[in-house]
Structure formats: structure tokens, C-alpha cells
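Think of it as A, B, C and D in the order they're written, each chain with its own count starting at 1.
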Amino acid sequence: MSKELLWDELKEECGVVGLIQHEDDHTSELLYYGLYALQHRGQESAGIAVNDGEKARWHKEMGLVSEVFGESELEKLTGKIGIGHVRYSTSGESDVENAQPLVVRYRGGTIALAHNGNLVNAKLLRDRLEDSGVVFQTTIDSEVIVNLIARYSNEGIHGAIRRSMELIKGAYALVMMNEECLIGVRDPLGLRPLCIGKTEKGYVLASESSAFDVMGAEMVRDVEPGEMVTITPEGIESEFFQSSAKRAGCIFEYIYFARPDSVIDGINVYHARKNSGRILFRESPVDADMVMAVPDSSVPVALGYAEESGIPYGEGLIKNRYIGRTFIQPTQAIRELAVKLKLSPMAANIEGKRLILIDDSIVRGTTSKRIVETLKQAGAKEVHVRVSSPPVAYSCYFGIDTPDRNQLIGAVKTVEQIRKIIGADSLYYLSPEGLVKGVGRPKNQFCLACFDGDYPMDLPEKAQKQNGHRVFQRLEEEGS
Amino acid sequence: MSKELLWDELKEECGVVGLIQHEDDHTSELLYYGLYALQHRGQESAGIAVNDGEKARWHKEMGLVSEVFGESELEKLTGKIGIGHVRYSTSGESDVENAQPLVVRYRGGTIALAHNGNLVNAKLLRDRLEDSGVVFQTTIDSEVIVNLIARYSNEGIHGAIRRSMELIKGAYALVMMNEECLIGVRDPLGLRPLCIGKTEKGYVLASESSAFDVMGAEMVRDVEPGEMVTITPEGIESEFFQSSAKRAGCIFEYIYFARPDSVIDGINVYHARKNSGRILFRESPVDADMVMAVPDSSVPVALGYAEESGIPYGEGLIKNRYIGRTFIQPTQAIRELAVKLKLSPMAANIEGKRLILIDDSIVRGTTSKRIVETLKQAGAKEVHVRVSSPPVAYSCYFGIDTPDRNQLIGAVKTVEQIRKIIGADSLYYLSPEGLVKGVGRPKNQFCLACFDGDYPMDLPEKAQKQNGHRVFQRLEEEGS
Amino acid sequence: MSKELLWDELKEECGVVGLIQHEDDHTSELLYYGLYALQHRGQESAGIAVNDGEKARWHKEMGLVSEVFGESELEKLTGKIGIGHVRYSTSGESDVENAQPLVVRYRGGTIALAHNGNLVNAKLLRDRLEDSGVVFQTTIDSEVIVNLIARYSNEGIHGAIRRSMELIKGAYALVMMNEECLIGVRDPLGLRPLCIGKTEKGYVLASESSAFDVMGAEMVRDVEPGEMVTITPEGIESEFFQSSAKRAGCIFEYIYFARPDSVIDGINVYHARKNSGRILFRESPVDADMVMAVPDSSVPVALGYAEESGIPYGEGLIKNRYIGRTFIQPTQAIRELAVKLKLSPMAANIEGKRLILIDDSIVRGTTSKRIVETLKQAGAKEVHVRVSSPPVAYSCYFGIDTPDRNQLIGAVKTVEQIRKIIGADSLYYLSPEGLVKGVGRPKNQFCLACFDGDYPMDLPEKAQKQNGHRVFQRLEEEGS
Amino acid sequence: MSKELLWDELKEECGVVGLIQHEDDHTSELLYYGLYALQHRGQESAGIAVNDGEKARWHKEMGLVSEVFGESELEKLTGKIGIGHVRYSTSGESDVENAQPLVVRYRGGTIALAHNGNLVNAKLLRDRLEDSGVVFQTTIDSEVIVNLIARYSNEGIHGAIRRSMELIKGAYALVMMNEECLIGVRDPLGLRPLCIGKTEKGYVLASESSAFDVMGAEMVRDVEPGEMVTITPEGIESEFFQSSAKRAGCIFEYIYFARPDSVIDGINVYHARKNSGRILFRESPVDADMVMAVPDSSVPVALGYAEESGIPYGEGLIKNRYIGRTFIQPTQAIRELAVKLKLSPMAANIEGKRLILIDDSIVRGTTSKRIVETLKQAGAKEVHVRVSSPPVAYSCYFGIDTPDRNQLIGAVKTVEQIRKIIGADSLYYLSPEGLVKGVGRPKNQFCLACFDGDYPMDLPEKAQKQNGHRVFQRLEEEGS
């Protein structure tokens, strides 16, 4: 049984970070802490590349940030500019070739790139590049991007990036560096987050502002959708390579992915979650003895629900923190232990109680089923599940690892069917309207395609068909 | 800077687990999950020993349970009886020789032992054994215990254990096995916990009942103070090798060490913590905007305080979960990042607020100081610290790794001095009376020596002097 | 002190191997044994790539073949075609990015390449490719080659290779594969060796025939200079992409690099060495008590010298076999131990004797000096050094890692000066005429440029100057 | 198929080394080089223990010396006294518990011990110690020895050792240390070797003098049978704890185990081997074209045979040097590759020739059979096998890992039968008389029990029966 089946959750693709300073003052160490703060965005591989003005050095491997880097690795990474990357953990085969940052030599020098997101036309661009004789050594979109940049490098680095961004379609937050500067780019719809911080000696780029604290940085602002920022230790230059009235920030960052202490596009994640909890109560009140959360991301939602309802909040599940990459999954014979290895019921706090269980989302439904069972076995009288997002019914093509549509329980079952499957006494999903209200911005600012199938850009033909005809076949080869 | 100075907290010594079954049905795998559930009790080393009726096999190494064991290690550990051990992580030098279980061959066969606790007369016994020609290969108390048992083995295994327990003084929960049975022993005062569970195919022993869920076991009862239980797959035999009217359960298990879903000596840990929070408010009410906790162990306390006070509970600090053994500590130059690497302030939820910060204990005061600073930097208007235990003012000799008395801020400073040092707007420690009331048993059931110096048994001469004359020198060589 | 300074010897760049079979019958295991047999050609990194007709898989890492591959790695490498590579061990920084085989996706599918040799126009070609927008992820010549092939892939794989070979200049033995066939290519002058073997189920390519035994193969023939062979399980197709009357086989393969049980271009290496020994005696007889060799490659030479002279052969130095990658070099204080760690004198067999010491070559002279000293300390009365090759006086640009010319003792000192420096009683180098006579072919069949500077092709400008003006600066960036 | 079956050879048990200096001048580094020089005596595990006058530190692990120790491990091992140990590589399960040196604390302080050899009464002594309540944590004889020493420690360290040596029976060379001195002990019959060297700053003990060169030491003398030497930086004190007219040096040290540059009990190993070759020719001349050896230990024998016979010596087999612990053995399907992975035939030097193949011993006969086959396949016209020792027909109880008697081909087959089995054209074993004549001492100085069953001391009952009645059961539990 794969890890995904055991822990049924959506996976963020990546986290990125960059730093430029007047001088090499703990550059790689600060990048290490930054990546560490973004570890929740990817546990598969980690990498740091630095440039000392003459030579780029890098180290990347499968594993957690603290597994990949020791002091000896960091010591070798000297330079005043550097970028870093964490990648998510799949159950599939490890592939260090696909780890980032990607560092290449091209006509203009050396360029290193860290990418969060997913292109929808990567295959097309890759085909075209191959037609003109380009070879590829990885299967990641990022290799397409650096090849485009190299191809247009006679227009200068900015010209080359501008031209490349005109060609690529999809979701991307890019952190790049050459010998002289740090460059940040965000896709025209702002699907993936990227923000700028200021330290005493320079500047920082990061997927989330939660990385700033441990890098000694303070928030300056978000990189805007369609903006390219070029950062030297002296300052920030900005250029919009594409402007769009439309915005499509990934709503799941607020629901689940981002750390609650992050602020993304001006929205405080913790507040967004707590508000969602309040609205969730208003949309679907229920009489009960305790409001509890599936830890950790749903805790603020549960607190909001509790405050709004007046029903006390309590802890009902203990999360075991030590599950790592090398954790041994239970064999078939003792499979029923699976969910308890990650979440233990706090029997004494549950027994005889009518519970409101707050979860952020239901993907396949398997984990929800096991949790409800566990709570009932522990003595819960009733379990009312309240989900702080609508049913996930469409695959994501913009950087989230969703399973095939036919495995998305929200795509193939009604809410009542789902309720029965997971064994809940009642089940309610937050409405899309409630969700955006909780986040506090108009609906047209976000991508809610995973709920309503209204993708913010044209998808490749195959994907359209899949969604249109419910073919439910995995779109192959469409990204990393 | 050592890990301990960065994260100023008391360390539990160990966790123990045992399993006996009718047949070898995933014995080592179940022990692995049991240890995994007890990982919070020790992250330094892990080990499992099994006996297949003929031969004992074992594997132990420095590291987390998931680091020490892979599938290949578990596969080799076959047998229907087994025991396991986790040991706490010190900043000191790694020493795999001291990892447990300890497995020895003696006249009566093979015996394996896992020990949680600390003997106060280990040095004396070790000296006497050495005088009679015994050699020692480790520095752990457990080696003294097995040598005593071997010495008396002509009286049979039970006789030998009984005789040995008459000689040793201190705190101990022991899980042992030979070729035929699993044996559990708890010291006469019940300082360290140990409980019995029942599975479909046999029996389990564990430091905490929280290990039972993942081993497919249900709570039977605690091993009683002074009791030795001998378990075969057919049942449990009990014998009291020493009876005492007095009990002295370690109060810190309820305050901090144990998992909140554990039940120890009939007391539900979560409830004990939540009650402490309620009493803490009654003893020291304060007007404020939000009650928050230093995660994780203080969350139930904060919820109790919040409920009793009516002040809303909120999350103010995010704990980074990925700090492991190999995490690189910040160098001097960027030391101020230290506390934030583990605890990030949730600025948006703190700003402008008067906070009640609940912590379970203050040891040296360094972490508390950094947390208060961090919260103020993040915009907190006031920080009122409420501690769910009295000032820690005396060293522990019964299995907790306390620093020297002269480093215990509660031993050398007044509460008002401490308040100033940590920069809090107000500071209150729960009274001893409040503490035991929260736990819900008479004070004479517990050891509160770390607060009041009233040790439940005679200490070795050196230790007495230290406490009596405030000599504040570390008692050397008094055990591992 | 680097390994090179301690053990002063020339380093072969690489060994290559390939296998194609009717079915996947231990493909990766046989490649493993083949690489193992070629381990003497490179100890820095090892890699194997296989293609199962649909997908290429590969594994490559720093280290010896037996360190890089375990059973689990080999099991994952399934397919009926595969290639392998070993790379030499430098004292410099490890760089897994540069390990081979190199596997890329291009318009025509997937191509994997293993390369032994060195291009002299790699920088030029790389510049041109970069000008047209190509990016490079490694610093090895092989990446240039695959980019050329991809560029011409509209002419079919053979056309593309043909076109690419027209462009590249230098020394190369290439083993390549795509989904369908195994391809072997050898440079027009035959600088680097490559031969074809036949197994029961298919065909093998290898740098040396000594790999055939352990792959269950029998020698078919050498790949000819300028030939490209395309191998399917059914047979071999041959095509000459360039024909040249001239040949320039690397003479050092016979002197030192190749295993003595190999046959290269029809010449038996063992015989060549033994003959050299006979001729060496005829050119420079000396009266002595024992002929001995610097093990291992000089043993056959010494045997030839002994037979021709009638002076008995004996062992005078014991080679320690266990020096590996991780061996700790002695610190300055105990530096004098250095040579003895690798070569111990057999005092009892040396004492009081007049020795003829046979060595294959002298590079910097440091090791020779230490050996002579060691033998004298061990009691040798006289040490007459006879070298089975002329003085190495020119750098190699065709795949051998020679030091800068100013460090080649043969380039900057006379023979008499060298004799004094190394402390020998007499010193003689085999004449170029004697050398080729020993190998048994006309001089115009070989490259002897390292002795006479008569390079078999134009060198890049920088290199010419270096040799012309004795600038003695290292030719930078000219390949791996 | 186990490694032993593939490479059919006897295994030495261990190598030991010790060093004491005026000051800590690279103590652990010199021990590392000493162990490295003795690596041929054991490749299973390696360990070093040092004592800085106050505290003993040690590091030991499974693996080669260069795998077990890195710079960081050596740096931690500070002190002016130290000892080291290498243990042989079995195909069986790795067991780090049994690695040496063994370091224990006892009444008199700390003692560390490294042991080469095997006791014949270890089980008896172990039983008696267990009866008095002693526990054992390993299965090695050395733990018995340290327990005896501890038991008698009230008689002082020398008294305790003296008393212990009176009790133990068998083969042993011991290197021990406490806080003050280095102690060397050799069994009364001198079965296992041990010699003393002198450095500029102190003294060295080692199994073989070949370790002295790389430790900067010069040979002083052998430790005598029955002698205990106590070494301080100031000098050597000697004491004979038992004197015996009889000597029984292990003859296999000269035949196979020891390095040819070692001098053991005044006998030069290289000379002994070369003499054996001369005598072998005289005992069994044969007309042939070439004398060749199974490398490496038989090369001097072959040279002696060649010189005496006038038949030229040549190399016919190339030994692959890179087979290490992690080398993957061929699966059943390609088993026939097995012998060639280690020994490749030099076809060109063999073809059409009548060969005399010199081997040092035949154990099971499997490797000999494969080698003869290989040579014939490579074109040898005749293969005449000459073995430089008599048939191995009895198990060793003194430190050599011999297989069960029923697997010793010399115990169960006649010479003519063996010749047929291995496919040789003729086969001759050196006579016992010829062997001792070659070594150059009277027969009564050596143990030749593996050839004639005449053990130099009483064996445990079981072993006697086995040899008397040809029961051929493995003597269980009789040592490590």
C-alpha cells in the first residue's frame, strides 16, 4: 500500500527560495533555514545552488533538507547569491535527476533555476525544442524553460526571459540567478505564490513569507502576477512581461498548503482559515459537544467554528510527528493500524461525545473513512464532518498532485454517498461562495478549478477531453 | 551552542515496550510501531531484541526509530517474544554501547532488558560487583541490574529478580524477556510508568498506553508499584516483591512528558492538563485578548484556561516539525534565528493583542525569554506568562535529565526576577496544590521533588549535600 | 598532499562496455561484471544504463563498481540492451554530474552514451552549440557529442552519428544505445581501443577483451579506426564514417593501462610487455643479482628482462591491495610512510643485492625516488632502474591525465639529472624504437606523442603554444 | 552461493597491533596504518581503542580498515597508548557485537584487549564463570579472558594475567592495555605470532613484522611462547608465565597467511616459500613449458620451482584486486563466471603450453577444479598441479577457519581421486618433511595438525571424537 493511499492528501509540488547579499555572509546557511521553513511544501528532494561570481556550485539529493545538507555540504557552497528548492514526496520511484535547482551553462554564462508550478504546454514546447535538436536530461518542465532562455540569450538575460515567458503557459513561480543577480518571475495569473523580503545585507525571494523569519528578513511585497523582478544587493528592478486584469491565485494555498503564519497576496492564511470556520458554522450549524480538527491545518478552522458556534474546541486526535521518508508502512496483515500510526484518538476526550470534525478537504475519502471509524471506536456518539472547502472534483494542472479524476470521491459520488462511505452522521462541504468569503476577496481573484472545473486557461487537448467526457485517464507526460 | 541551550526543556530518559504472542505474528513490526508511538520519550537511540525460543537477536543504533530500522532489519528479528527501547537525545557524544535493550547470556540462558529510569545506588552496586570480579562494558544502570540477576540466578529467574530488586534503589520500569516469558517490573514507589495491554494473540507492556493503539492492543491495567508481572501468551502472573503504602508517581509525566492520549495510573493526561489550565486561571486570572500555548504539550492547558476564563484560545506560535538529529544549528553570527527555527510567531494573530502565554515549565529560562521577545517583536501588546507547574528548583535523580541546580532559574531567582529576565508583563507559576488538584489525586501520591526538594527516598550522599548546601555541583557518575 | 603526488602515475580516463541480447537475461548483472573487469581503467565513478525497449533507466554514482551497485540497484535495471562506464579517480572534487553513461531524450527517442577519450575541439564545438542556444549541464565532452547527434537526428541515427563524427576531433571510443540497437564507434586514428565479443545470446562491446571472460563472451574482432558498428541481437552491421591510412593507437595501453590478458588491435599485451623487457636488456644490459618489478604492470617486463639476461627474477616489493577511495593519507608529520603504505620492501630478498628495478614509466619522479630510497634502506647494494618506455615529456590531449609539462620530469631534466634525483645507480629508458619493436608493429601505427611531441592531429592553438614555447601552463577547459 | 564456496581458501582469524608512546603523536593514525598493513589477516571488522591516561575511547565496526575509519573517527581517538584489531570476513551474519578490541571497566580500572587465536577450553571456562554469576555480551573468547583477569585483579594486573593464562588453553596472541602500559602475551606453544618493534617515541606490538614499516618501527624481536611483555615508553619488561620445551608455531603462517615480507620467529616468509618451491621440484619434477602460480601467495613458490627446474616462470592468471565486501556474487544462471571474476586466464601465455600450476593448498577442491578448467579452456595442453603443502585433512582448533572435515577433500579422497576431480594431468602435494625443510626448522617446532591430526594439546572431547571416529560434525560453540 502506497504512502498516498494511507495518507490521503493533496501534495504541493515545491517551494523555492533565493538570496542575494553584498557579501557571502552565511548565504548557504540562510538558504538552508529558508528551505527548512518551507519543508512542508516538499519532502522528496532538496537542493541549493550558489554562485560566487565566477563559478556555480550546487548540491541536491533525495531527502529532507536536514538529511540532504550537513555542515560539510554547506561549507562548500560559497557565494553571495544563491537559490534553493524543495520538492514534494511521491510514493513513486526516487529520481535525483529531477531534483532542483537546475544549473546550466549557456552562451551567456551560467544560469540556475528553481521552479514551483506546472506548465500546461511543456510537452508542446519540448517537442519543438527537440525538433530543433535540443536534448533533455530530465523530465521536469524547468529544463524546457532554461532551454528557451538559452535560445533567446542573444537578447540579453531579461529579453530572453521575457521571450520565454511569452511562450510558456501554466503556473510558475521561478527563482533564478546568474553571476550577478537574483531574478524572480511569477506567472501572469499569479497561480503560484512568490514574495520579496529584505535583510540587513540584501534581499530574499521565497514561496511564502513564513521563510523570512528564519532568514532574518522582513516582508517587502509579493511579486505581482506577470512581473519579473531583478534583484541586486543594491535594489529591485521590476518589469511586467505580461499584464492581465484576471487573477487566479491557487485557493488551496489558503485552505491547506501554506503555513498559517504566511501572508500571500496580502491575505493572512491563519485569518482566512479561521474565517472559513466561522462561515462553515453559519452555513451548516450542528448541535454537538465538541469541535475538533484533523491536525494541523484544520485547527484554525475548528477554532473559528467553535467561536462562532459557542461549542467548545477540543483536541481529539494526536498527530505523530516522526513519520519520515524511511518509515515502514504496515503490511497487509496489520493494515488496520495504518491511520492510527499517524493520528491517534484521544479516547478520554471523545468518549460519549457528539463531535464536529473539521477537515480541510476530502480527496479519495479513504483517510476520512478511517478517521471517522477510529473516533467511533474510541467512543464518539456522533461524528459530524465539516469540510472547509467544496468537493474536489477536477484534476489540477497547475502544480498540485491530484489523483486521477476517477479516484476523486467528490467527482464520482454525491455528498450523501460520501457521507455513507466515510460513516459520518452528517457531512457538509463549505460552499465556493463561503470559501472565497472566508478568504476575503472576490471569487474572480482565485483559481477554483479543482472544485468547479473552470480552469483559468486553455488546457492541453487531452486534459480537456478527460474533463469533458469523464474519460478519467491520467494525462500522461504533462509535467513533472 | 548545544541543542539543549537552544531548546530549553527537560528530557525524559526512555520509553520501553514488550510483546509476547502465541506465534511470531509480526512481532518485531508491532514493536517497531510501539516504539514509534513512544518516540517522544527518547530520540537518541532505538533498539529491539527478540527471542525465538532458542536464540536472541537484536538490533540497536543511534537515531530515530524510523532511521534505525528498515525492512531488512525487522525481517531478521524473528520470534514470538520481543522487547524494545528508545533513549533520549543528548547534545553529548553518541555512544552506541549504551543503547538498549541489553542482551546477555548467563547461567540460566539469555536475558534481555529494557530500562526506563535511574538508580540512585548504581555506583555503589557497581563497585561491589567489580570487587567480586565483574567487568562492565557500558555505563548504564541496566548492566548492574542484569549482573545482579545473573548472580542470583540459582534461585530461578523470579527469585533472582526479586533479590535484585531488593538491592537496587531508585526509579525503574523494566521490561525483560528470556526464552519463555515477558517480565515487567515497576519500582516500589511507582516513579516511572508501565502498563499492560492485551492483543488478540498475546500481551503487551509499554511505558504509556498511547503505544497500545498502534500495536492493536487494549489497556488491561497498570503494573503496580513494587509489582513484577510474568507474562506468557496464556496469561499474567503477578507477584509483589515489595509493598509500600507510599506512592511517588512522577508528576512531570502529566505536565509534560507523556502523550496526552495516555492514561497513567488511572489518570487521563489530557484531562489533567486541561484541569491544570482551569485551576491556573482561578489561581491567577488576568484580563487579555487571547490565550495561547507553547506547542504542543501546553495546548490542553491553554484550552482549559481559555474555557475557564472565557478569553478566546488562539494559535500564536507555529512549531516546525522537521527538526531532526542532523539539523544544523545556527552559528554565532545568526544566533538570533535560533528560537524561530523551532517556533515561528503568527504575527497576524498576535499583533496588538494582550496575550496569555501558557507554558508547561521553565527550566533555564532561555527559551522563555526568546519566545516572549519574539511575540513582542511580532506586535504583542502584553505577554502574561502562566506556567502549569511550580518553579523547577531541584535536580531529578529518578530518570529526568535536569541541568545542574545552578542553571535552574527557579532555584536561583525569585519569580519577580524571572519575570524581568524573560521580559513578561506578568508571570505566575501554578501552585503545587493547584497542580495535584488538576491531576486529581492527593499530593502524597506523587513525587514533586523537582519543585520542593522532598525526595521520596534517600539520595546518595553527594546529592544530599548538593541540595542541602546549594553546592550546585553536578553529581558525577550517578548513572546514565 | 594529494593522492596523485603520493602515487605518481598516469591515469586512464575511462572504460566502456555494452551488451545487447535477444532477451533480458541478466543484462545489468553482466554489465556489472564487465565494468568490474575494467575497474583498472577508472575508479572515480561507475554507471550502467539499460533500455527495455520503452524506457531507459540508469544508475551512476561516485565510487568503485562494487560500491556503486548493490543487488537492489541492479534489479531495477531491466532491459535487453545496456551500456556501462567507469571513470578514473582524481584527487579533485567529486562531481557526480559528470558521471556516465549520459542518457538524453531527443527528437528521435532516447540515446545513452559512454565515452572513453578526449576531444581536442570540444570547446570550439561547445561554443558553437551554445551560440545556437544549447545549454550544458555537465563539463564532459560526451554532452557535446549527444547534442551534435540530436542536431542531425533528422538524418536518422546513423546519419546523425556520421555527421557528428565528421565534426568532432580527438580520441574516442563510444558505446551508445537507443531503443533498438547497440552502437560502437572508434575514432579514425584508433587512439582508444574498443572490441567486439559474442555471447550465446548476443553481443558485447568493451574497451578491452579482458572484460569478455566474465561476461561469458568470446572475442570477435576490434572495432576498426573510423568504423561505426550497429549491433542488434541478430548481428553486426559495419560502416566506415572516415577512413585513414594512418593509425595512432595509444602506445601506453600496452605499456601500462591495459590488463595484461587483453588483446588490443591484435597485439597481446602480456607479450608486448615481456618483449619490451627482453629488448630493454639488449639495449641496456647491467650486471646484477636480481631483476625485480614495480608491481603489477612491470612484472612481465621484468620477467622478459630476466629471461634475456639470465639474471634471476625475484619479488622485491609487496603491493598493498586495500588502498581505496576512502583511505586516509598520512599527515605531514609522518609523510615518510607514504610510499610504504602502497609498496613494502621485501627486505630479506633485497639485502646486499644489486637490483635491476623495472618500472613502466616515470612521470614526476617522486614515486621512483621514494622506491629507490626504500630499497636502499632495506639493504640493496645497487639499484639500477630500467624503464620500459622513453621519458614522458609531452602532455597527452587524447584521454590520459598527464600533469602539466613543467611537472613532467622527462620534459625538464636530462636522464642523468633524473638518475641523480631518484638516487639510482644507473638509469635507462627504453628507446622509442625498442618500444615499438617490443609491441611488434611499425612505429607509424602508434601515437608516441607523449614521448616525442609528434601529435597525430592538430591541437587546439593553446596547446600548440604550450608545447612550442614551453609555457607549461595547463590547458584549461579542454575537456574532462 | 557463499563467498567461501566460490573462493575456496582458509581464513586467518585476526590481526592485532599495539602502540605506546611518550606522548600522543599520531597514535591512532599509526595504529590505522598498522591495521591496514595487517588487513590480509581479517576483513570482517576493524577496531581501535586508545587510552589517554584517564579514559578509554574506541571505535569498531564491520568493514575494511579504510571503511571503518575516517579522519573524524581517528581525531576522536586521542591518547598515547592504543591497540587495534582486524577480524576475518565470513559469509555468515555480521555481528558488530563481536568486533574487537574489547574494552571493559573492572575493579582495577579499564582494560582493553585484542586477541588473535582460539581457546580450546573457552566453553568450559565460560560455563564456570556463568556458574559464578558472570554475564556475557558477546560470543568471543576474549570476553572469557577479560573476565578471568578481572576476577584475579586483586593480585595486580600482572598477577591477574598470569593466573588467567594458567587457566586458558589454546592459541592466543594478546595485545592489551590499561591506563599505563601495553601488554603482549603469547601462548606457551607459540601457535600464533606476535612481535615487538621500536619507534622513535615508543614501542609497537604486531601480529607480523610487515606492520612495522608503515608505523615507522623497526623489529626488536618476537614475543616468545609463554612470555608476557609489559611495555611502557621507557622500555620492555619480560616475564614467562609458562615455559615449555615444545613449540608449535602454525606452519600455515609460512605457507599462506603471513605477508611474504614478514619475519616470524626468525623465519623469513618469502624465503620459506621460495625454498618450498625448490624442494617441491626436487620431490616432484615434471617436464613442462612454464611454471605459473595461483596469485599471490604462491608466486615465490613458483619462482623457486622455476629456478630449481630451469623451466621459465610466467604469469598465467590475473587476479582482480577490486573484490570487496559488497561485491555481488553471480546468480545460479551465470555461475560459471565465478572463478573468472577473481582469476582471469592469460590465454596468450597459456595456449598450447604444458603448465606447472603452483598452489599453496587445496581445501575443498572446488576452486582448484575451476582453475584447471579455466586454464584448459584457455588452451593449456597439460596442467600439472603442485601444492606447496600436504593435504589438509584435519580441522584446526587454533584460530584458522577450516570447514567441517567431511568437506576437506584431503580428508575424504586419495590424491589420485583428487587429481581426477580437479582435472589435473598430474597432482603432487609437498611432503611434510619437504615443507619443514623449506621453512628451515625441525618439524617439532611447528603445529602440522591440519595435515597429520597430531594436535599439540588435548582437544575438547567432542573434537577428539570427531577426528577419531570421522564423525565429521562441526564442533559447536567452541569459539568465535
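In the analysis below, a residue touches a chain if its C-beta (ideal position, glycine included) is under 8 Å from a C-beta of that chain, and two chains touch if they have at least 3 such contacts.
Quick caveat, the model's predicted, so the values are computed rather than measured.
*Asks:* Which other chains touch subunit A while also touching subunit C?
*Replies:* none
*Asks:* Using the touch definition from the top, what's the fewest steps needed to get from subunit A to subunit D?
*Replies:* 2
*Asks:* Between subunit A and subunit B, what is the separation of their C-alpha centroids in Å?
*Replies:* Inter-chain centre distance comes to 36 Å.
*Asks:* Taking each chain's centre as its mean C-alpha position, how far apart are subunit B and subunit D in Å?
*Replies:* One centre to the other, that is 49 Å.
*Asks:* If you average the CA atoms of subunit B and of subunit C, how many Å lie between those two points?
*Replies:* 60
*Asks:* Counting only residues that touch at least 2 other chains, which ones in subunit A make the list?
*Replies:* If we look for residues of subunit A contacting two or more partner chains, we find none.
*Asks:* Could you list each pair of chains that touch, in label order?
*Replies:* Chain pairs that touch: A-B, A-C, B-D, C-D.
*Asks:* Okay, in this complex, where on subunit C does subunit A touch?
*Replies:* Of all residues in subunit C, those touching subunit A are 76, 102-107, 111, 130-131, 133-137, 139, 146-147, 150-153.
*Asks:* Could you list, by residue number, the parts of subunit C that touch subunit D in their complex?
*Replies:* It comes out as residues 25-26, 29-30, 32-33, 36-37, 39, 64-67, 69-71, 74, 210, 213-216, 259-261, 263, 268, 270-271, 299-300, 303, 307, 312-315, 318, 320-324, 326-328, 330-331, 333-334, 336-337, 340-341, 344-349.
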